[in-house]
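Input: structures, listed below.
What follows is chain A paired twice: with chain B in the first complex and chain C in the second.
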Partner chain A sequence: MAKIFIYPTNSLILSDLVERFGHKPLAMMEKIREKITTVGVDSPPINITPEDPKLGLKYAAVEVPAGVRGRMSIVGPQIDEAEAAIIVLDSASAFGCMGCARTNELTKFLARQKDIPRLEVKYPRTEEEGKDFVYQIAEFLKSLPNEEDEE
Partner chain B sequence: MSGEDVDEITKIVVIDSDSVLPSDAAMKIYESDVDITIKETCFGTMVTGPRDSVEKVVAEVRALDPNHVFVKQRGFPPGDERRCRASRGGGPRPGFHYLRTEVASLPIISRALDEYETYNPSEKEESPDKISPSKLKDIIESEL
Partner chain C sequence: MSNSDKVKIALVSCGSEYAGVQKELESAASSLNAELVYPEMDVSSLDTIGKEFGLEVASPDLRLMMARAKAVVEGVAPVDGVFVATCFRCAEAAIVRNEVRRYIFEDSGLPVISYSFTERTTAATLLTRMEALTTIAKSKHLLARENQEGLTAGIDSGSTTTKAVVMRDNEIIGEGWVPTIKVLESAEKALQQALDQAGVKREDLQAIGTTGYGRFLIGDHFNADLMQEEITVNSKGAVYLAKAQQGDATVIDIGGMDNKAISVQDGIPGMFTMGGVCAGASGRFLEMTSKRLGVDITELGDLAIKGMQKNVEMNSYCIVFGIQSLVNSLAKGATPEDVAAAACHSVVEQIFEQQLQEVEVKEPLILVGGSSLIAGVPKALKELLKIDVVVPPHSQDIGAVGAALLVSGFVDKE
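Entry: the complex of A and B
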């Protein structure tokens, strides 16, 4: 079971497909759960601790907005932890908690920089594209080592 | 819910099936003999509880129609004041728009999963090559 970094990091489709084909998705939701169950995080907009922007300094310079660093403090460690990555481009709605274009660019950049197996596909818009999308992701996930036997 | 150290998670179960309705999934969850909380929503259900129980129940629901039931983890539990519309004065919760966009494309993904085993991209019909100008010219000038 490999740890797969997914982008968009809160994607239902990617998270489901990764689990379906026997791997562990490194998704934003898991990290958010860890954060909100930690004492000291109150409510929006105070939903990060003072430590988070400092942690984000590892991934983004001090000049960038604190929001980018705050987001990178969650996303960055996931990229570090990842053993493979699936990046889906052309996401029609990268907003909400994904709503920072610079963070998204930085996330994709760091995932591409890392020397791990990587698959880049586009969001499907037609039936045919959908089949290609699922086929590529499934074949990519099947090609990754499944370490379950070794444990 | 006994100790504080219980590993509680929330999972969103999204149903995109002709044969399984969100209410069927909810009934399946109600029937299960585990200590969990569920909330029915317009796109499926949210299941909260200890990790093992939630994963067991979610696996049962997924088994109803494997290629048409999608699951992801959610960070906040249902009704959490930081996300709940009741305490935030209405409006969609953060993250809803993205989920709605993805739910709209689930039929494509479901059908692709149905056909995944038989799908062979190499058999796809190749689009014909562009015709060269000289050949096109020959065709135009040829006698019919």
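Entry: the complex of A and C
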């Protein structure tokens, strides 16, 4: 099982595909769920605490907008943890809307900087492209070490 | 108070919940008995809104902002006002923020304010802006008052100076002005000055209104009938003093620590911007300049009138680097007159660049606040905008006058 960083980081489809092939998706929604369900983190539940943009300083300097650093405080550690990455380019918003463009640029950059297996694939616009899209992702995921290999 | 009494404010943002300021926004809203709402829209609209809006941006969250703005205009979520917020320093967001605000204001008539936040933005900073939004949304009747009645006082506890006026039957009969040191003591002194000049006793006052940074503290102290933020109060005071209560007007208030540019319609503020991130565009900069030139702040204006700002190179608008530029210029032989003119020009230019481009400038342009008395400032503004600048009598007292005028609404009820 490998820890797979996905982009868009909140894509349910990518997250599901990764799980189906026996790997662990590193997804934004999982971290947000932790944030808003952990008692005592903050009330009312909010995506990040006022402290988080400071933690984001590890990934983006102080002159970068607050929202970029806040988002990077969640995304950054996931990239650090990743053993492989799948990046879907030019996706529709419904596929996984990663909101802040500047964060997106930085996220993709940091994922590309890491020396890990990486698949970059264009978002499909036709049925044929759709099949090829899933095939490419499936082949990539199969090529990664899974639990059985490790045993 | 029931939920139905709450002022509903649509939060149109590209992700304040990721910038560490969400709690502050919620806290500012709840302290005003307001509720933040998030207008719903169809996710598919995110792919088309850019083209529809005419602004095709890279950021999906900014597209979300535009889609939410459209939902507000179409009345998907009934709201009383709109708060538009994006990150400070994001250029793409700055463009969208401005256009979204204009679009909502023009197409819905709802009061809109915008703000660019940093992670350090606090509820206290947001309070004045949100308070103005809720007042405009809920209390238009209060702002409809055109004449002062009875014997009332207004006190404006500003960041630098505290002003007080006593008014009787639509006339200013007493004025007080003191530097703000200890908020309560300064307010006491300013009110006493105004009472002495008016020749009336405090117990004769029928109502007291407070405004400015210290409005709540001094409001409680004087048992005020009205404690109101300065956007609505100053707008009212400015159009009252300039005799421009009907129709369009633009109010520019250069204060000690922040500036306001307000577009006013029939005495009610519409779009407005409130500076505050930078001190280089405020009265403080002029104060420091006059200190460096060794003249009293009241003499700076006359000095500036005689000078040529073009003879001094200002490399920065920052208060620190700005003063450095002025010091360098003096060292190179620039005259104090030129330096004074450059300082006035710099303040005005920065207001133009940071604030006036977000507010539609409609005549008359009314310049108020302490800095309006420095003659170089209205001169520089007139030169820059190429339109007449009105500095009404008592222009430094507009907050206090506005408060005394508005609070006279409470005299009726007695």
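To be clear about the criterion, the second predicted complex is superposed on the first by the 133 of 151 C-alpha atoms of A that agree within 3 Å, B and C clash if a C-alpha of one lies under 4 Å from a C-alpha of the other, contacts with A are read in each partner's own complex, and residues count from 1 in each chain.
Here is the rule we go by: contacts are C-beta pairs under 8 Å (C-beta built on N, C-alpha and C of every residue); 3 or more make two chains touch, one makes a residue touch a chain.
All values reported here derive from a predicted model rather than from experimental measurement.
Of the two partner chains, neither chain B nor chain C is touched by A:90. Of the two partners, chain B and chain C, it is B that touches more residues of chain A. When the two structures are aligned on the shared chain, A:81 is found in touch with neither chain B nor chain C. Once both structures are placed on chain A, chain A residues 44, 47, 92-94, 97-98 are touched by chain B and, in the other complex, by chain C.
Within the complex formed with chain A, the chain C residues making contact are 14-24, 26, 43-44, 46-47, 57-64, 86-90, 92-93, 117-119.
Residues of chain B that touch chain A in their complex: 8-10, 12, 14, 70-76, 80-82, 94-99, 101-103, 105-106, 108-109, 111-113, 115-116, 119, 121, 124.
Chain A contributes residues 42, 44, 46-54, 63-71, 92-94, 97-102, 104 to its touches with chain C in the complex. Residue ranges on chain A touching chain B, taken from their complex, read 8, 10-13, 15-17, 19, 27-33, 35-37, 43-44, 47, 92-98, 123-135, 138.
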